[in-house]
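Each remark here refers to the structure printed beneath this line.
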Amino acid sequence: MLKKIVLTGAAGDLGSRLREPLSRMCEQLVSVDIKDATGPLAANETWARADCAEMDQVTPLMEGAEVVVHFAAIPDERSFEELLRPNFLSSYVIWEAAYKAGARRVVYASSVHAVGMHETNAGIDTDAPHRPDTFYGLSKCFTEDLARLYWEKRGLEAVCCRIFSGTEKPQNPRALGTWLSRGDLVQMVERAVDAPTTGFCVVFGISNNDRAPVSNAKVSFLGYRPKDNAEDHAADILAKAAKPDPQNLAQMRLGGPFATVPLGESGVAGMAKLVKKG
Amino acid sequence: MLKKIVLTGAAGDLGSRLREPLSRMCEQLVSVDIKDATGPLAANETWARADCAEMDQVTPLMEGAEVVVHFAAIPDERSFEELLRPNFLSSYVIWEAAYKAGARRVVYASSVHAVGMHETNAGIDTDAPHRPDTFYGLSKCFTEDLARLYWEKRGLEAVCCRIFSGTEKPQNPRALGTWLSRGDLVQMVERAVDAPTTGFCVVFGISNNDRAPVSNAKVSFLGYRPKDNAEDHAADILAKAAKPDPQNLAQMRLGGPFATVPLGESGVAGMAKLVKKG
Amino acid sequence: MLKKIVLTGAAGDLGSRLREPLSRMCEQLVSVDIKDATGPLAANETWARADCAEMDQVTPLMEGAEVVVHFAAIPDERSFEELLRPNFLSSYVIWEAAYKAGARRVVYASSVHAVGMHETNAGIDTDAPHRPDTFYGLSKCFTEDLARLYWEKRGLEAVCCRIFSGTEKPQNPRALGTWLSRGDLVQMVERAVDAPTTGFCVVFGISNNDRAPVSNAKVSFLGYRPKDNAEDHAADILAKAAKPDPQNLAQMRLGGPFATVPLGESGVAGMAKLVKKG
Amino acid sequence: MLKKIVLTGAAGDLGSRLREPLSRMCEQLVSVDIKDATGPLAANETWARADCAEMDQVTPLMEGAEVVVHFAAIPDERSFEELLRPNFLSSYVIWEAAYKAGARRVVYASSVHAVGMHETNAGIDTDAPHRPDTFYGLSKCFTEDLARLYWEKRGLEAVCCRIFSGTEKPQNPRALGTWLSRGDLVQMVERAVDAPTTGFCVVFGISNNDRAPVSNAKVSFLGYRPKDNAEDHAADILAKAAKPDPQNLAQMRLGGPFATVPLGESGVAGMAKLVKKG
Amino acid sequence: MLKKIVLTGAAGDLGSRLREPLSRMCEQLVSVDIKDATGPLAANETWARADCAEMDQVTPLMEGAEVVVHFAAIPDERSFEELLRPNFLSSYVIWEAAYKAGARRVVYASSVHAVGMHETNAGIDTDAPHRPDTFYGLSKCFTEDLARLYWEKRGLEAVCCRIFSGTEKPQNPRALGTWLSRGDLVQMVERAVDAPTTGFCVVFGISNNDRAPVSNAKVSFLGYRPKDNAEDHAADILAKAAKPDPQNLAQMRLGGPFATVPLGESGVAGMAKLVKKG
Amino acid sequence: MLKKIVLTGAAGDLGSRLREPLSRMCEQLVSVDIKDATGPLAANETWARADCAEMDQVTPLMEGAEVVVHFAAIPDERSFEELLRPNFLSSYVIWEAAYKAGARRVVYASSVHAVGMHETNAGIDTDAPHRPDTFYGLSKCFTEDLARLYWEKRGLEAVCCRIFSGTEKPQNPRALGTWLSRGDLVQMVERAVDAPTTGFCVVFGISNNDRAPVSNAKVSFLGYRPKDNAEDHAADILAKAAKPDPQNLAQMRLGGPFATVPLGESGVAGMAKLVKKG
């Protein structure tokens, strides 16, 4: 049982699902977002509105924190200028504040888009080199390297969870491989928090999908064993899928539509279009 | 649901088992063999007698095909001269005809014998280099390289299924590792056909055997998850097995008896002898 | 069914658990220890008191043996001088005597401590280089290299089982990854004995733990598929665990407390202390 | 002969040495710095004062440029806040402006400090993962990933020259391995500019030192063959060197003093102290 | 001094340059081609007109041969049908006849085009996988695999020399990396012949070019140390080179124009066009 | 200039050649052997007769030593019993005594025979796994692992020099690749001594031979750049060499005759026989 966990992005689509599970792992949960709380607070939960790119807003929240779960960010491609504060600078602020407060670990919502230009059929491991597909992905590369720096120079641990397709159900053929169920998201973050020691490491956030394109074999020590399998939805999805096109990088690279979206334009919109067409 | 699949070697031991499952995946199945059909046709199936090494026999069959499942070949070691047309040239004919017809993908019955000289205890992945054990294995190496060429230069996808021991039951100690059950064969080919995009890739055709000597970890994106396990037969097989001999390459290399059979002589006969002795 | 198995260290904590299972795999089991038998003998079991570092005591026991299961050793860190005979010289004596008697294989109780200085989060495979953490671990490195030598020069097979935490239950947070249950120990040794051919190989002795820090993917041919999972004990263990400390190598290296114990001092005692504190 | 090259950081210690050689490779050289020119201009050289983190100052300079040689940056560790504009943001501005102007390639002054936490005796290649030693090193990691992104999404080439110890002479024992002579710096940049095509690549900027700790074997296609050898200075340097200390990371990691300097404090000052003590 | 060497393709552009050097390494040189001799014979040289795809023409020539240097082939891309006999079948005939005659080794003119689809800036080693760029390259892949098969099953050694740009002088920017001078060709073949034992191996046929895109580090045992350097021609070539285009695979892949030429069309013609344009 | 170096095996064939060079690197050289001195002592050299397997003989010699150069051993294959004290135990004694005396580093005469079963044409690096060819080679594996242990647990540095064929001139075809000249031996040891920090590392002791079968690329930081080349003797040696036989492991493995000599029998004698036959 930890004394205190700080969760950022607590009002977000994924972050909000972590509030209840994290509240059970600590005496005090501080949920942070730039927005208001989206639902009732747990008994040991407090809500703090703050901009994670502002050191003086973040610093007081960190006092006494043992673990920080950092999910605040714009979850899509934008221009570099738009992402600079919420996705790049906020990472620096969070790590620096966490370090100064004596926290032990940061669990980070990294993304497949840090390695989105790798071929889907390459079967990469967690130690494949960075190949971002967007400025969004670049912000994840930046933060992972920052996390490694803080570990190697300052002993602040980090678990970078590269989230793939975190949706209620898998939504398109790509997601048969890349889906991360709600339950598996929670399990992954729980393991990232309760693993006794981690140093710096990276884990792929996907469910136990038959068609998983990547392997967590090298970080099995974390104990993340996903339970859900997108294959349960395969027949439905494939029946209404658009025609496959191996010349389309959006179908051949891990990043999916982010692999072809112009830099600075929304990849989620591209994803949505893909789904509609499907 | 595909418009049309062409299956070659449809009268063969393995090919004939694919007719029914493939017929359910397409509007039209064209089953091709140099022999007559061995059983009743499915409603959407037509049978074509053809020599796959003859371009003018193959070309008309390909019209409108989306996927070609190429299983026609002599399934054993023979002299190079005997294998030249059915195992080497037919591959060229199939790929060239498929390409010209605008097909999207070829699924190919490759074989463990493309890598049969690798040590069984080396634990190789699908990206291990070619080490053929026979002229038969060499024809598989040739076709895999041809398949990669057509993908890289012409965009024709290929899934090369390296079939190990495709028998009703595992028949000897080696097969405790190398068995491919009937059901898993079918599943592997189904995934090779319905995976939305594949580019060029290689998958090992073995069941979910406890003693599997090779790993499909790098092609998990295909979604092939075998269900059967040769270990269910282990007690029986080991009880009547011949004395192990680690100096015998037939027991120490992936290719089994093919690793020691003289070039050009039947390896299946050698396998049969081994079974009798066992 | 083997003619004869010789088991050394048969009175030890782990060795004694192998007597019954091994007795079912052969016509004659010779159980050897420097101590007396600790329980009733199986019908086909004989007990021999012998010092495994003495060639003239070992030689007669080996006559007619097909497989030797060598578990005799001091199971802890000691000064080099203390380990020299029981852990180093005995290995030479066992292999030399087994070879001269015409045995086919030695199954060896190696240890995680042969690679104990590797980082826990590195996800190593069985082909990672030696990085011993103690003189005890060094004796395992020495024996593995000796085993490889006898295989490559003399054709004597060897399966080196690197045992991790072989206890009744997992006892501390590290053991959530490293536990080897009683049942899985037995299965591992059974597979090491009944695998038809093995050449020289290394297998990690851990259960099917969610948090397994290492991978047996490259020796899947052995057929070792552990059934138990330390995660069943995770809640209990983590609840009373000491504060994690990533600056403490005992928490960050595979060898655990052996990674920090001074050379020549008992690592098991260090382990015990750790458990008490926990 | 290129139409136009833009050189940033042209008043810097290294950048200023590139003005004359680059002026011979193009019709027009635009030398850019936040400071005034430090010497006479070449006939085809113009000087532009600009802040590379300001898009509207940089954009007009890029018009018609074929190659950009980006050396502007604070060449030392500082607080993240101090480095943000000159070392991080300027990279984005340069790449974005170069891309919009239709430039073909950016040659970048990256640094050993992008991989400074790797062990000196590990013998890494250019494809080793990022392990920054400072915020300064982190800015190099960020820019390398940015450069790869612009190449993979937008076709803008990049050669990232990881400069080691760019000084007149080697100054301490570490530099016996890491020295980059003035002549070899120029040659490296010349090759990075005149190599017909490069895609994205990384090259280590060291001379032909006997004690070179890293290898450029995988980027030999660039044609960089350094001529100078720090070993010519070995006797002098070793004679007055401080006592070696393998427990001191500054002596055991590629980054040297940067591997131990506190984040945000000057590593060059640390280096200087080291030299004085030597 | 060998008893007898057989050289095929002796009238070819490269083969003819090997006649004199090989004649000095043996008592008897048999020079074979489908054409007549192109110059005076050495004292110990005989000329034989033969079609290397015809077993009965090749067999008598092999009698007593110790080493066969097989350079006969169409040295360009053609349709598969055109290459079948001279480039594929002839390899089988040569290896089979050499084996039956008791020859010890075949030295083979393989080609960069066996791996022509690899990126130029990937810095591959001799163990990179096959990625042919043409049917021509496919014939080299086929023969290398055949050569490995004869070595592993029959003990016939093979040195596969992957020739890059074997011309009088380097002719275009690509050749600054890929040039193989006349003298270095001869040295490579001499080492391939006089190395006491070789087993099966592959060596890249390039000179000591500053811009060499590949590495022979793993076959240094052969003793091939090229002396010439295309860089001596760099200024001339770059001065008149066409505009670089990193989107053109012909400039970014090892195979050069063969990487983009349509299958079955002459790549040499494409190369010539490139040179003219340059 | 070091205070004190201890050289063991100072009367041996190789050790005796190190006395003069080492004497120039330190204020005091203590030359140790079980035999008497073989020549005049340097001014700063003292001679000590001692058995390196006896702690009480070794301990007093180590007082004040900074670097120990450990060359004492039986330089040939013998029975395990014969090698136990001089080649195994002495290593423990040397490292333990050096550690207790506060020495900084041990430079060790390891041997190719630690990896002698690797194929000559595999082109291994210094991080290839141990594959000893003899008990002699096993003693080198043991000592290298011991050396790594003392480094990782106690901070005692070690440079393990794997000496290949250390003779006046290369003596047979194998030595064209494996020769280590007198001058290069001295240079290697000088670098191993004067490299400021080394941690634990392994370096191959071969000259700059054209036919070098192994690579020191990963330990270039040591600065060992051999000057001599066995190729200068190639014509002579090849002219009188025995017939090559690729089926003979003595010609195909790094260990040469040691790869085939029965365990416990002299490999040097086998080498001598080979030379006579040559």
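Quick notes on this one:
Note that the chains are named A, B, C, D, E and F in the order they appear, and that numbering of residues resets to 1 at the start of each chain.
Rule of thumb we're sticking to: a contact is a pair of C-beta atoms (placed from the backbone, for glycine too) under 8 Å apart; a residue touches a chain by one contact, two chains touch by 3 or more.
Keep in mind that this is a model prediction, so the values were computed, not measured.
By the document's definition of touch, common neighbours of chain A and chain E comprise B, D.
Superposing the C-alpha atoms of chain B onto those of chain C requires a rotation of 120 degrees, given to the nearest 5.
Rounded to a whole number, the gap between the C-alpha centres of chain C and chain D is 51 angstrom. For the pair chain A and chain B, the distance between mean C-alpha positions equals 40 Å. Computed centre separation for the pair chain B/chain E is 32 angstrom, with centres defined by C-alpha atoms. Of all residues in chain D, those that touch two or more other chains are 217.
Under the contact rule stated at the top, the pairs of chains that touch are A-B, A-C, A-D, B-C, B-E, C-F, D-E, D-F, E-F. The part of chain E that touches chain B in the complex is made up of residues 80, 84, 88-89, 92, 96, 117, 127, 129-135, 137-138, 141-142, 145-146, 148-149, 152-154, 262-263. Taken in their complex, chain B has these residues touching chain A: 1, 104, 126, 155, 157, 194-199, 201, 217-225. Chain B makes touch with chain C in their complex at residues 119-123, 173-174, 176-177, 209-213, 215, 217, 231, 234, 238-239, 241, 244-247, 251-252.
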